[in-house]
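Accompanying notes for the structure given below.
In order of appearance the chains are A, B and C, and numbering begins at 1 in each one.
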Amino acid sequence: MVLTMGELARALDAQCWGDQSIRVTGAAEPAAVGPVDADGGTLAMAMAPKYAEALKPGSIAILAEGMDPEAYGLKAAIFAPRPRLVMAGLTRAFDRGPDIAPGIHPTAVIDPTATIGDGAAIAPFVVIGAHVRIGQGARIGAHVSIGRGARIGDQALIHPGVRIGHDVTAGDRLIVQPGASIGGDGFSFVTPEESGIEEIRRTLGARAAVNQQHWTRIHSLGAVELGHDVEIGANATIDRGTIRSTRVGDGTKIDNLVMLGHNVVVGRDCLLCSQVGVAGSSVIGDRVVLAGQVGVNDNIQIGDDVIAGGAAKIFTRVPAGRVILGNPAVKMETQLEIQKAMRRLPRFAQQLSKLQETVTRLLEKG
Amino acid sequence: MVLTMGELARALDAQCWGDQSIRVTGAAEPAAVGPVDADGGTLAMAMAPKYAEALKPGSIAILAEGMDPEAYGLKAAIFAPRPRLVMAGLTRAFDRGPDIAPGIHPTAVIDPTATIGDGAAIAPFVVIGAHVRIGQGARIGAHVSIGRGARIGDQALIHPGVRIGHDVTAGDRLIVQPGASIGGDGFSFVTPEESGIEEIRRTLGARAAVNQQHWTRIHSLGAVELGHDVEIGANATIDRGTIRSTRVGDGTKIDNLVMLGHNVVVGRDCLLCSQVGVAGSSVIGDRVVLAGQVGVNDNIQIGDDVIAGGAAKIFTRVPAGRVILGNPAVKMETQLEIQKAMRRLPRFAQQLSKLQETVTRLLEKG
Amino acid sequence: MVLTMGELARALDAQCWGDQSIRVTGAAEPAAVGPVDADGGTLAMAMAPKYAEALKPGSIAILAEGMDPEAYGLKAAIFAPRPRLVMAGLTRAFDRGPDIAPGIHPTAVIDPTATIGDGAAIAPFVVIGAHVRIGQGARIGAHVSIGRGARIGDQALIHPGVRIGHDVTAGDRLIVQPGASIGGDGFSFVTPEESGIEEIRRTLGARAAVNQQHWTRIHSLGAVELGHDVEIGANATIDRGTIRSTRVGDGTKIDNLVMLGHNVVVGRDCLLCSQVGVAGSSVIGDRVVLAGQVGVNDNIQIGDDVIAGGAAKIFTRVPAGRVILGNPAVKMETQLEIQKAMRRLPRFAQQLSKLQETVTRLLEKG
């Protein structure tokens, strides 16, 4: 895609300085960008002053507000009022995405009862089951399988090797990265007699005799329901619910290798970063952010707007709006105090022991 | 599948109250269930009193013992003596599972030396290597690959996109969720000279000069052996052993995104929850439960009937029957005491410092 | 593959004792090895004295230096000066690897503009996009997809179900285990207004009013660049960079279920063990070892030769050569002291409280 500087600035709703007619052929780090030539040039991404020293005279750039394009000898510049937001528009403009040829590849195996919307692009070796409904403009990569009765909205982009189980539903603009599995069976088992886990939950850790236990599967009759504008990361897994469906709300983005257990409910506009695990039946509010490797125990409630720091392990209910950290996760400020105290702990131990000696001597004297 | 209430109760070995001839067409949460009609109805799952208020008159339900079906105006009810166990039977009765058409799909590429048992259903684009043997009644989903010499028992259900490496063996009733990899190569490397890791293991942390190190692979000549009734979760990975096989015992269930390293041995009837990682050559006993995100260091022994709480990190041998928690994992009651003390740690620090001042004053006075 | 003991010893650059003409048909644990017969025998792996008691007279073995083959009644023995290194050569000699038939399977869908090197073996249902270049001797397993413009060096071994995105590049001798995804889109989003995360990063935890936030994707214009001799584990994921590529240096080995976020740079000859997660834009030096389940926060610098123990969570810059452990990760010796003190913490609490009473009594007396 090629735009002029002026067109790009208008698309980004940003100000343009200099020659608006220069054609922009791509974007790169300042060090990789040379001067423009007759065909145009690559836009240097210099949205903070620290990136500016690598800018070359005669080039074009995107700058933070307040930076001076003349000082760098630029030919043209776009000013980004909120740099990361401009970045979103800019990268979208130049992202060609994966190649999936328009139409349905002749190797695809599509059940005759399935409905594929207009403008779909379906890659080689895709398998689509009975009664599946896929919206308009879907792009479905190689080796994707979509089970019986699944329904996917308009403008989906499903990367290669994704597994969508039967009866899974998704809204519009679904994006699924390679290898994700949506709609595997829940991990739900029962023993004929009380199991060791049930016992320690009841007794808070005490155990009587340990028994044989043979696990019987509780099947998953529910499916998975994804809202509009949901994204799912590479090799992430979302299990189906037991009786009702596992659910993910509109606008929620899920990163690579995340696991959502059976019956989990995630609200709207959440970010679940890489390797997060949410165990069965937990409920997560709206606009919640779970950083990488966060774990959520089963049957936990997490309120709206909670933010959990990296690798926080959540064992108890979290009220709305709280920022938490640690294992077990507590309020961030508490955790930072605990960490500070922990680092001083070996010294405490020495101080305490010295103090005990002193007091003992005082007592003896007394 | 449609059963009458009487048939379903007999299948579940449970008592039935009311009109045993009503046909049951499915199961759902009480709020989603209306009264039965001439074709039958959906069974409301109300196996605890808290679910009862959503029950509607004229419907059918499954109740906990002691609940009164007349009080809710039900037409018929089944009583569950151990609700989760009844749930297993009930969900199995209504689970249609994935659609895999009987017979071998014409696109499947099956080596002529492979043996496929009677009644198999093999989906499109499956690839099966030389000398593979697959038992009776196997259902193998789309895009599965099974390497040379692998042997799978009867009644397997292998979901789409599963990777089974060469020479892997599994017993009967194997279930593998989408995208799992069984039989990748172990992560085992060596440097020509002693590596930094070997040095710190030897010296417990001290390091002399840091050297160049170039890693050479130790190949995996072993395979993976899975017992009967094993289940493997979506996108889980089990690596092959170096000389002998990595092994998983009968009845053990493994959840999504779990990693078992090379040479690991897992006993019978274990539950390994999501995102558990077990490093190379560790040995896990029978009936062990590892909750989500538990980590087991390499070369560790875990006794029978151990239960490890969520995100426990296990660095040392664990005796049989112990319940453990924390990082590093210790006995659960010890960990809970540590956590309590940790939360009070900032206050300790203040108290200690105040006490030091007091004692200093006492000494000065003395 | 069959070698004589003499040939094998020479291949391993090791000493051979006894009958060098005996043919070696494989390698196994000593307990599984019987005496040699006219066709040769299996080599017993007994590279430490503890394995020696299972050796049987008349068999062949590989021993540690200083062990006496006559004492065990062996027919021939190879002495391993550095056992694990010999193991590398030995297992390589006997590893047949996966079966991928030479040539290009007729079901593979290969864009006419792609270039496949001499001697390639391409399995069924592989999909290769436009302008892809693959080196000589590549072996590519079933159901692999390789996107437009990707370039893979010579002698690659790509196991089944691997996803390689467009424009990804890799050097020679690349090995990718099943199901890995290289080149998914980065997890990078922005809100029109300051998001909760940005706010707490700025304020270190304090939050004003909580706002609506709707996430807009920042697309990934970069790709992934892998050096020579890189290995990637099963179901691991490496995301593409935003503007420049995510990079992994020569000789670095990455285990199963590892996640590398967008823009991450990993140096040469590193080992990243299973389930490690490295968040966006972090930079890792050369010869770094991250044990299983280690987490690295975003935008962190980790120096050369750092070793991080199992499940260490790294939130701050780590200087070169440091050995670290814990959550948050600190120097290993500090962490071991902290852990010791933590275990004594409940006792500290009692001691402190007793001391307070004593001092109070002293004060009252005084």
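Methods note: a contact is a pair of C-beta atoms (placed from the backbone, for glycine too) under 8 Å apart; a residue touches a chain by one contact, two chains touch by 3 or more.
Owing to the predicted nature of the structure, the values given are computational and were not obtained by experimental measurement.
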Self-contact between copies subunit B and subunit C, residue sets same or different by half: different
Equivalent-chain rotation between subunit B and subunit A, CA atoms, steps of 5 degrees: 120
Chain centre separation (subunit B, subunit C; CA means) in Å: 23
Subunit A, residues touching no fewer than two other chains: 107, 125, 143, 161, 179, 235, 257, 275, 293, 327, 342, 345, 348, 352, 355, 359, 362
Subunit C - residues contacting subunit B, complex: 26-29, 32, 45, 82, 84-85, 87-88, 91-92, 94-96, 98-99, 105, 107, 123-125, 141-143, 159-161, 175, 177-179, 231, 233-235, 251, 253, 255-257, 269, 271, 273-275, 287, 289, 291-293, 304-305, 307, 310-311, 321, 323, 326-327, 332-333, 336, 339, 342-343, 345-346, 348-349, 352, 355-356, 359, 362-363, 366
Of all residues in subunit C, those that touch subunit A in their complex: 107, 109, 125, 127, 129-130, 143, 145, 147-148, 161, 163, 165-166, 179, 181, 184-185, 187, 189-192, 196-197, 200, 205, 207, 210, 212-221, 235-237, 239, 242-244, 257, 259, 261, 275, 277, 279, 293, 295, 297, 313, 315, 327-328, 330, 334, 337-338, 340-342, 344-345, 348, 351-352, 355, 358-359, 362, 365
